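Structure provided below as structure tokens; questions to follow.
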Amino acid sequence: MAVLNLVQAINEGLRQALEEDERVLLLGEDIGKDGGVFRATDGLYEVFGEQRVLDTPLAESGIVGLAVGMAAYGLRPVAEIQFLGFLYSAVDQIFTHAARIRARSRGRYSCPLVVRTPYGGGVKAPELHEESSEALFCHMPGIKVVVPSTPSNAKGLLLAAIDDPDPVLYLEPTRLYRLLKEEVPDEPYRTPLGKARIARAGHQLTIIAWGSMLEVVLRAAKDYDAEIIDLMTLSPFDRETLLESARKTGRVLIVHEAAKTGGFGAELAATIAEEAIMSLRAPIRRVTGYDVVPPLPLLEDHNLPSTERIVAAIEDLLRY
Amino acid sequence: MPKTPIAQFQIDRLSILDPSGQIDEDLMPELSDSQLLQLYELLTYTRMADQRALDLQREGRLGTYPSSLGQEAAQVGSGFALQKNDWVFPNFRELGVFLCQNYPLELIYRYWTGDERGLQSPEGINIFPMCIAVGTHVLHAAGAALAAKYRGDDMVAAAFLGDGATSKGDFHEALNMAGVYQLPLVVICQNNQWAISVSRESQTASETLAQKAIAHGIRGIQVDGNDVLAVYAATREALERARSGDGPTFIECETYRMSDHTTADDARRYRDPQEVAKWQERDPLLRMRRFLEQQRLWSHGDQEQLELTLKERLSRVVKAAESTAPPSAEEMFRYTCHALSSRQQEQLKECLNGGP
Amino acid sequence: MAVLNLVQAINEGLRQALEEDERVLLLGEDIGKDGGVFRATDGLYEVFGEQRVLDTPLAESGIVGLAVGMAAYGLRPVAEIQFLGFLYSAVDQIFTHAARIRARSRGRYSCPLVVRTPYGGGVKAPELHEESSEALFCHMPGIKVVVPSTPSNAKGLLLAAIDDPDPVLYLEPTRLYRLLKEEVPDEPYRTPLGKARIARAGHQLTIIAWGSMLEVVLRAAKDYDAEIIDLMTLSPFDRETLLESARKTGRVLIVHEAAKTGGFGAELAATIAEEAIMSLRAPIRRVTGYDVVPPLPLLEDHNLPSTERIVAAIEDLLRY
Amino acid sequence: MPKTPIAQFQIDRLSILDPSGQIDEDLMPELSDSQLLQLYELLTYTRMADQRALDLQREGRLGTYPSSLGQEAAQVGSGFALQKNDWVFPNFRELGVFLCQNYPLELIYRYWTGDERGLQSPEGINIFPMCIAVGTHVLHAAGAALAAKYRGDDMVAAAFLGDGATSKGDFHEALNMAGVYQLPLVVICQNNQWAISVSRESQTASETLAQKAIAHGIRGIQVDGNDVLAVYAATREALERARSGDGPTFIECETYRMSDHTTADDARRYRDPQEVAKWQERDPLLRMRRFLEQQRLWSHGDQEQLELTLKERLSRVVKAAESTAPPSAEEMFRYTCHALSSRQQEQLKECLNGGP
């Protein structure tokens, strides 16, 4: 087993997908010769050539729309959008087409497409380079949303996403790209979509997080007997695991980077309030980014959930 | 200010068959007599099937419906040129193209009653679902073309759209991609002069729509869209070029929407009836019929016979469409993804128990 | 006072806005000579001319982007998008620009823009003509989301939206356009944004709805002692009114047309579960559209919340 | 297949000042000696301010930064032609345009440290925030132009973008709108041959970028973008036309990105150093200096003096930028909407109490 960071694990996953299945093609801006602005596709153009690793013109709706056609024709395109903030112009292609072609054609066509994109904050990058608008895509029946949190689940989830017969939005926490390294099995393997992971078992409260926030939560909660759930797939999310843990601990804290109002934490809280409320001993708390336009680097630390804010919420919950 | 010219472009217009039924022999594409008759039958079938849809709508037996009246030549001329292995990415007003591909008409009627199953293209017919979001589907055609090129398949993707659709950003992104990758793609624009109430002149300041191709370094041509032979010839040429690796073409068919935008529209609110009358004279069926008659390939009796046959066929089609059992609620769930989430399973159960 | 239906009330509001303030301009597809596909702008082109009522090319991103520039320059554009389903291609202009220009320019520019669009189901219309994806826009700090439910609040909310110094998405429930008529004051008046309305006072449970669902809820709950809240503004929503009612009744039901997962009901439930859970006697229930691709007319009644489903949820809540 | 030509188009290229410093007298725009010197000073200031930003970035005193090296003529030539009442809609690489408008350089430095206040254009300077979402801002320029036309204001909107941006749908939607409404809009493309690692040829199959205007029925012209006089002349002509109601123009300035895409990029991964060397010979500053020297308007001593002056000015600017207090967290809330929701009020309180 090699010791890899998250972006290396993704690179390895992509390489193995290309090797395993000639239907797999990569497309995106600067993913060819340049190897991607974060080097996620480093070396793949050289090995697989411009037939399978396509540099595209600067057109995000175009990239996704093209990939929809490729997927419907029978390929398994993996599109890279350079940053989540640039996916907004492709929302129409995702919502109107990728998510619906199976339903619209009553199964005659489908869309086995993966859209990969770096996302999230904490990297002091320019405007639109730190968006965390995952919730938008979780309200759209027909697509899946996946967020890895470690090198090994990054690779496994990516390969599972490529296998999936439906479109998957695969959000790569930029802050984690080179933050942690771990041993990653060499062979291709799949981490099932739709299943959460108990990152740490515990009894006093349940904390739900994903992506880059998981790492913050693990640090913040290290002195508490918290059950920490790494959601990994946001849509469809693993209701059973969440509800079981909420029923067990009776206290729930949800942490995400995105603005609070309408964030994905709302759905998780609502689900628990609908299905496990009778087991709760305390309010369901959310520690999130504020309801503000995502700030530039000098202010971003004021906006992102900090260990202090998480600890304060834990303490508050434990008082009930 | 004087400057150095560095690039020159020209847009041509192709027309072969004039309103009186005369053809330009030099430009006439190779078509056997039986093919010529087939073209005329498809034109007629398209018109009659369209009229039938309008009748059904008026009787409350169909939902909102967009008529193809007047655009039959643009649709049949291009649809007829396609090969079985080509893929079609339609707009929502291409009845004639569907009929050229032998797409079951009863499915189309069912679609317009609000039944998704109408868009389930039968195996062997590669038509994508009609695209309601105007202009967004040319990218899918480009993507399929790219996939076919990658695989070495002998396939051309044909996308259909209207004049209004050329204003959408996705249209340009698609043409640009097609140029960059030299895709086997033919984009066929039915410039019917109107996008609901917005006239061609208010839609864009460009003199022709064909010249939009120039922005993307691909071929563009304008065709008399009421001339089935010119549309056929231009499409066939574009398909051949695409098939032989010579890249994409954008074809503007100049035609006219003789009807309201849809059955929910009233075009008298915004357009001059004289304009409609003027285009009446350029009717695409009439001129093909005149040509065939002049060639002694067609007679009054043939016409009567054809109309009778088609009328009977249409009755059978309507019967088939209307005798189909309605879709089941379960289908909403079945086709959203390949598998149901646990929440969807619960919802399906509730839905089937509770009913609407 | 004239008796108007909802679309007439909107037409009157637009006319009065055009009369009152020469900075107000309307733009959109077919809103000129044709008067809009639902006749919302009927007669306005004739009165105010093509300088103030602009037919646009078929380009939704273009319409919103143009309006952003007009608003920043000092006008008060009111853009019509023909159906909510066609707003997806303008999401980038809304999220990236309309919602952010004030923050990005630190107040030097702002975006007093209204985007109006028919939305919601129950009208047996073609694909993409019945979307109810309001939740997407409620997760974007910087824009407001408003949904009228009666002719009189339609006019008042519209004029308030046009006055607002920030961008407002004004969603018009298509099913209500001609469903109900009522007396609407002749003069221009404003219904404040951000305030909910108690459509019916009650004690046993709280039902929250908006737009076209309000009418269904009023019918379904007629035999129950329910407090029915008409949200009217979804973003920012009237937290105080909701929480007060939830605390009073102890039982909450939320009804919306959109798919359940990630719908705006999630945020409302989460807020209540965070701030009023200790007063609740029952789970927070949501009756919503299912998590499916919005169906075409023949299946739509199976998807939209019915009075039966609402009654069943009420009965269920009252058992606690 | 023979057809009838129905439309013809030509793209011209304008160039006035050649690399050796010779000008084409016939094409030379009216510029006083002091204006010519001003142009050269702006070119030099742009280059030195850019170099200073790169230095600051290397020292960790600035965030990611996109250099304008090599594109000074395209920026200064166009920026200099603008009038005070015109509005500018920049991309993110137009340092020279900002400096032409007297936009405070310290604000630009502050912006690139990650401070929104850097984009708060001072009253009297009508520059829109730099646009990071490539190609999306031309629509705003078109909207402002429409508003100005409606109001009868003597204003032209000038939008700046790169070659890559011409692939975005929004770019085309904007040009089309501008054509339809005949807006007072000038769109200035800095074709610097690269969009990060994607070359001009891989970006689009069109021979020139200027011809993209043809799709929308508006004027398009190509200019030698390293020739500050040609850029100035073309921009001024376009502005005059726009101002006099003659509609929009699209200007392609052919130039070259001499640096990496940004400080986060390493261009050696994807481009040939020989190509860079070739463009080195066409340096926009050098040729203007040669011209001025030949005109006896400039000497070695002047150059030394100018560099000294600018260096001192830059030191003051950096000091001002770096001595500014950091923004307060409260600003995140204050500028999201004109008023805070009750939830935002609570959040603000928490934020100010808790700190990061």
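For reference, chains read A, B, C and D in written order, and residue numbers begin at 1 within each chain.
Everything that follows uses one rule, which is that contacts are C-beta pairs under 8 Å (C-beta built on N, C-alpha and C of every residue); 3 or more make two chains touch, one makes a residue touch a chain.
In this text the structure is predicted, and so the values were computed from the model without any measurement.
Chain centres here are means of the Cα atoms, and by that rule the chain farthest away from subunit C is D.
Separating the CA-averaged centres of subunit A and subunit C is a span of 30 Å.
With centres set at the average Cα position, the gap from subunit A to subunit D is 36 Å. Inter-chain centre distance (subunit A to subunit B, centres taken as mean C-alpha positions): 40 Å. Counting partners per residue, subunit A has 56-57, 59, 61-62, 85, 88-89, 92, 96, 103-104, 127-128, 141-142, 236, 261, 291-293 as the residues that reach two or more other chains.
Among all residues of subunit D, those that touch two or more other chains are 116, 133, 136, 167-170, 173, 176, 180, 202-204, 331-332, 335-336, 341, 343-344. Contact topology of the protein chains: fully connected, every pair of chains touching.
Interface residues of subunit D, counted against subunit B in their complex, comprise 1-15, 26-27, 167-173, 176, 179-180, 182, 202-208, 210-218, 221-222, 233-234, 237.
Subunit A makes touch with subunit C in their complex at residues 61, 85, 88-89, 91-92, 95-96, 99-100, 103-104, 127-128, 133, 135-136, 138-142, 235-236, 258-259, 261-275, 277-278, 280, 282-286, 291-293.
Considering their complex, residues 25, 51-52, 54, 56-57, 59, 61-62, 64-75, 77, 92-93, 96-97, 101-110, 141-142, 144, 165-166, 194, 236, 239-240 of subunit A touch subunit B. Against subunit C, in their complex, subunit B makes its touches with residues 63-64, 113-116, 132-136, 164-165, 167-170, 195-198, 202-204, 264-265, 269-270, 326-327, 329, 331-333, 335-336, 341, 343-344, 347-348, 350-351, 354-356. Across the complex, subunit B meets subunit A through its residues 87, 89, 116-117, 119-121, 123, 128-129, 133, 136-137, 139-148, 150, 157, 169-170, 173-174, 176-177, 180-181, 331-332, 334-338, 341-344.
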